[in-house]
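Labels for the chains are A, B and C, by order of writing; each one numbers its residues from 1.
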Amino acid sequence: MGGNSDMKLIDENGIRIDGRKVDELRPIKIEAGVLKSADGSAYVEIGKNKVLAAVYGPRECHPRHMQNPAKAIVQCKYNMISFSVSDRKRPGPDRRSVEISKLISEAMEHVVFTENYPRTSIDVYIEVLQANAGTRCAGLTAAAVALADAGIPMRDMVPAVAVGKVNDQVVLDLNKEEDNFGQADLPIAMIPRTGEILLLQMDGHLTQAEFDRAMELGVKACGEIYELQKDALRRRYAITNSGEVEDETKDEPREMNEEA
Amino acid sequence: MARSIVSEIKRDHIQKLIAGGQRVDGRNWDQFREISIQTHVVETAEGSSRVKIGNTEVIVGVKMTVGEPFSDTPNRGVLSTNAELIPMASPNFESGPPDENSIELARVVDRGIRESHMIDLDKLCIEPGKKVWINFVDIYVLDFDGNLFDACSLGAVAAIKSAIVPAAANGLGEDYPMPINCTPVSVTAVKIENSILIDPTLDEEKVAAARLTVTTDDNGDLRAMQKGLSGALTLEEVKNVIETSRRLGVEIRKLIG
Amino acid sequence: MNNENNTRELVLPGDVLDDGTMKPGAGTYVHDGKIFAAMLGIKSVKSNFVNVVPLGGRYIPAPGDLIIGKVIDIGPSNWLVDIYSPYPAPLHVNEVPWRVEFGDTSRYLGVGDTLLAKVLSVDETKRVQVTMKEQGLRKLQGGQIVEIAHSKVPRVIGKNGSMIQMIKTYTNCRIFIGQNGRIWMDGNMEDMVHAMQAIKMIDEGAQTLKLTERVKEFLESVYRKEE
């Protein structure tokens, strides 16, 4: 947070430098099932952010000492590729990615039915291809879609968005300039239906009233992103309906193999 | 680990097909899978591309910064190529620093670009002996289904070709296109039993005895070669692959544009 | 007949399936008196139970399942079999039809061998054991293996085995279907290609309707041409 409140990021009409109003999201695009090798995957664009998420699992847990005999562990790894930012970033995890990975793992662990798969690991890989503030939120949003795409049992989709403060105003979905020169940054992830908050961080300066306003904007935006996540999955698995109904075959006898 | 063991049935099936001149996906021995090349995919990079060969997909970015030249080439720009086999691309890729596979991959791609003088590094000198353009070519494999050498090579070449030197942001005048001399193209073949197959899928690579990557330039001359895996090749097989690489290189060069 | 709703409705995790009149079945969970989908799949109702049939996800072994696996490791008194599940399955020397001396295991099954086996047991932590001791279980050789989503296996088998029987009849191939989504077949090259194409049609289109008809049309068109 630069905190340079001399920089004019919102004009007299309440319009931000990218033309948005204070409560407007950047344009969002979500696609499910974009990779072949992974069990599940998703691609998300939020404004100029481009994020790819892939899921493998449940699979044997490595390292073995991390196995949990009662449930699966969810291991999310968030990474920014070297050319996702203006100044090239050396490949490899840094302290920031380690922290973000931990938070996203914890959020997803809460929604996944991990008890169904003891001793396994559900691995989620998030790669930021192009960054423009709010990448952890875009990454988590993509991770949730990738998990569902992989057929992992979970309670619900999890959308995420960052709210902030810029020129003393609470604004939704900070872009890069607003994040660099703004006064507060508040990323959140939640389950809209239940109101459960699964990720919450804040840095900067917010009064109680500003925080309340920020949460109001964030909750509403999460509701919108949630619908986009579901829509991406529906499009991927669209069922063509030719009007006729087929026989249900779910409980057929399990051995229908001919003896040689 | 379990996934990289090929079942005998799969191995036998592939070999039986090859003996009959066929491949599992119906291609001819010298046919590439569908290739798609997109450039300008990441705007934070000076040049970028996303390339697919069949189900193998890579994303490549070129970043340029001003830096010091190497002491033995004081008037030349610097090229540094790196490849990351990230875990999302395959159940067999692990997190961590580049292993011998990513290092070999990066070095072979680098050689093709460097030895062909694709980038005119002499034109990337800013202040002789003091300041030159440093070019970082970073390759990330997103989806792995065989033939990383060609996918990564193609991705790197396409990204470099589309790159714009960020002179303005560095106070060095106006931006200008990356100075390019030629377009190297790599073509990879594997040997299974006594047959040569171009552009192997993952299953074909797992069953292959040897692999050969040949990089040619616009004139059809050789710029880089790398034999891989622990089997052997006859001279005739090598010549066959070279001739095929030259021929297919012409077609692929047209795709890059 | 019974209150079975057979139209194929896609549901996502968190979708409400029913608000209290039905009972929660597989792939669902209950919260605040409502039944929700726990995974991406097709909603299905049977005898007042609402279920979600998964479209993806890993195969989870159940005792009695017929499976096709690949040997990935050998020990002195057992082999380790990959059954394409999060859980590797040990096969003990006592569970094979041969008398194997201690340390002699590699003589009977090697790494990379494919076998038709059954899931013997699964404990609470999902430790799995497989067996080859039943009639018909064996090492598989020759032919080829097709991989499909395990959730599509019932569709490949069909009602009373009708779908797989149709494919076998047209293509004249021997076909074994593992519950774990692995299918082994053997026959003429061209016939195997057709069988594989028919199976891929089902794997890729199982949620579309009139599937049986489309597969039949495909097989008929291919074999009529060859007459």
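Here, a contact is a pair of C-beta atoms (placed from the backbone, for glycine too) under 8 Å apart; a residue touches a chain by one contact, two chains touch by 3 or more.
Predicted, not measured: the structure shown is a model, and the values here were computed from it.
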| item | value |
| --- | --- |
| Touch-network distance, chain A to chain C, counted in steps | 1 |
| Most centrally placed chain, judged by C-alpha centres | A |
| Of B-C and A-B, pair with higher C-beta contact tally | A-B |
| Interchain centroid distance [CA atoms averaged], chain A/chain B, Å | 32 |
| Distance between the centres, which are taken as Cα means, of chain C and chain B, whole angstrom | 38 |
| Residues within chain A bordering two or more other chains | 59 |
| Touching two or more other chains - residue numbers and ranges from chain C | 88 |
| Contacts with 2+ other chains: residues of chain B | none |
| Complex contact set, residues of chain C against chain A | 4, 6-10, 12-14, 27, 29, 31, 36, 38-42, 44, 46, 51, 53-58, 60, 64-66, 86-88, 124-126, 135-136, 151, 154-155, 157-161, 164, 168, 174-177, 179, 207-212 |
| Complex contact set, residues of chain B against chain A | 41-45, 48, 55, 57, 59, 61-63, 65, 82, 84, 86-91, 95, 97, 136, 138, 140, 142-145 |
| Of all residues in chain C, those that touch chain B in their complex | 70, 72, 82, 88, 110-114, 140-145, 184, 189 |
| Complex interface listing, chain A residues touching chain C | 39-40, 57-60, 69-70, 111, 113, 116-120, 148-157, 191, 193-194, 230, 233-234, 237-260 |
| Sites on chain A touched by chain B in the complex | 35-38, 41, 48, 50, 52-54, 56, 59, 77, 79, 81-88, 91-92, 123, 125, 127, 129-131 |
